[in-house]
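What follows is a pair of complexes built around subunit A, which joins subunit B in one and subunit C in the other.
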Partner chain A sequence: MRQEMIAPFLQSTQNMIEQMSGITVTADGGFYEEQSELVSLGLATLVSFAGKVKGRLLIDMEPSLAVAFAKAVNDENYTSDREFMVLMSAGELNNIVAGDANTLINNQFQLDLRLAPPVIISGVGSIIRIPKISSMSANLMTLQGKLKVNIAFEGSL
Partner chain B sequence: MALQILLVDDSPMIHNLLRKVLVKNGHEICGDAKNGKEGVEMYKSLQPDLIFMDISMPIMSGLEAAAAIKKLNPDSKIIMLSAMGDEAVLTEARVIGINLFLKKPFDEYKIISAISSVA
Partner chain C sequence: MSEMQDRINLLGPHFIQAIQEVIATMSGMTVTEINDCSNSGVDGEISSAMVLVGEKNMLATISMPQETAALLVSYMTGTPIGKITPEELYDGVAELVNMVAGQVKTFVGATPYRFQLTSPFVIVGKSYSIVHKNQVTTFWKCFETSGLKLQLKIYFL
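This part shows the complex of A and B:
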């Protein structure tokens, strides 16, 4: 997968979390190829996009981070990552990250990528397997918990 | 001046954030629509001073809804809020006659400045 197609997603994840919540995000190493199914850290969101190519972005985070992010963004108190606004805030984060990264990619490569609504999956240890498509992951750290960005494009981009 | 504002977005988080900023600054939310179709219907019945409209929504997109509203009233004021902001989207928004395009995420300053520039 071409670096210039995946790097914007990592950069946007860091930028958008920091802009929206003030939570500092640091990269824990670079991208690596996922060799097996993903085991969720707690709250995973998936946004698919399609245009001249197809792809999807998965952002997976620990429950503590999901709650801290929603609290900071909405200025409201939450106790569980399964609360409605925590789930919705994680979904909106993925939508905003995917939109930001795809804006850069569309302007650079004219791929006309458009987003589908986010899918939100809650549960530590949930198995996420998306066959027939290879993907790249990067791990990120915050003081409030870990997260993973996983990006895939169909074909040999 | 206090404005009657219609919010059209499928994200409860965005409704929540916009409502807080707008009410704090003296405006009134006259309607909350979750998709473009609801937005057009609410526009007809509520006749708001200003609309905040998302693009990617189920049933009817924000661009389709904005085009329908501009057809009903070319002087309607629409601020588009979207995660996507590439050249193709911006061009389509300009053709429809969107008054202002804001890329998500936003903060209070961005929202209030946007209102001042179109109202």
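This part shows the complex of A and C:
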């Protein structure tokens, strides 16, 4: 997978979390090839996109981070990652990141990618498997918890 | 009649037909629609899902307990239930939603409700939930085969 295709998603995730919530995000290593199964940290959001190629962005985070992010963004207190606004805030983050990164790569590669709304999957330890498609992951750290960015494209340029 | 109702009226029967035909073709099993489908949650330990990108985006999920998935995949692949690996199980279930959505895509290709497929994915776990925004219209049907149940759900995102 081309670095120019995946790097914007990682950069955008860091930027958007910091801009939206003030939470500092640091990379814990670079991209690595993901195994076919992801075991969710707690709250996973997935945005699919389709155009000249297909792809999807998965952002998976620990419940503590999801709560802290929603609290900062909405200026309200939440106690559980299963609260509606916590779930929606995580979904919106993915939507914004995918939109931002896809604008960059659409401009660069003319892929005409269209985003679908985020799908939010809640449940620590749930397995998310996307068969027959290789993906790249990067781990990120915050003081409030860990998150993972996983990006996959199907089809070649 | 609303535009959404028109959409459901057109797409719903195609999805029902597709799931019945795909399972019959792949496994030789007959699935019958059942009326008792009152639970709006995802009733299953395994959900195969696909985002369908079109003028109105959709999320299609087929959810089922582990034993239903094992039986279906066993019939699909000819592998005895006890010898199916988790990877085969998940990939088989993913292929199910891929084929169902693919068949519906063919049915509606010449209508305003046409859509593009994205990569299927599978969610596995005991307590996961798929969350969506408020006021998302959903269409769901339950089916039975050999005493086992599965659920088809379409979210109009």
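Everything that follows uses one rule, which is that the second predicted complex is superposed on the first by the 154 of 157 C-alpha atoms of A that agree within 3 Å, B and C clash if a C-alpha of one lies under 4 Å from a C-alpha of the other, contacts with A are read in each partner's own complex, and residues count from 1 in each chain.
The rule is short, and it goes like this: a contact is a pair of C-beta atoms (placed from the backbone, for glycine too) under 8 Å apart; a residue touches a chain by one contact, two chains touch by 3 or more.
These numbers come from a predicted model, not from an experiment.
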Superposed partners subunit B and subunit C on subunit A - clash or fit: fit
Partner chain(s) touched by A:R114 [first = subunit B, second = subunit C, both, neither]: both
Partner chain(s) touched by A:L143 [first = subunit B, second = subunit C, both, neither]: neither
Contacts of A:K132 with subunit B and subunit C, given as first, second, both or neither: second
Partner chain in contact with A:R56 - subunit B first, subunit C second, else both or neither: second
Touched subunit A residues, subunit B compared with subunit C: C
Partner chain(s) touched by A:S122 [first = subunit B, second = subunit C, both, neither]: second
Subunit B versus subunit C as contact partner of A:M88, first or second or both or neither: both
Vertex subunit A, arms to subunit B and subunit C (CA centres, degrees, nearest 10): 90
Partner chain(s) touched by A:L46 [first = subunit B, second = subunit C, both, neither]: second
After superposition on chain A, the shortest CA separation from subunit B to subunit C (Å): 5
Residues of subunit A that lie at the interface with subunit B and also at the interface with subunit C: 84, 88, 91, 114, 117
Complex contact set, residues of subunit A against subunit C: 36-37, 40, 46, 48-50, 54-56, 84, 87-88, 91, 114, 116-117, 119-123, 125-133, 152, 154
For the subunit B and subunit A complex, residues of the former touching the latter: 10-14, 16-17, 20, 56, 58, 82-88, 103-105
Subunit A partner contacts - residues on subunit C that touch it in the complex: 49, 51-53, 57, 59, 87, 90-91, 94-95, 116-125, 127-134, 157
In the complex, subunit A residues that touch subunit B: 16, 19-20, 73-75, 84-85, 88-89, 91-92, 95-96, 98-100, 102-103, 106-107, 112, 114-115, 117
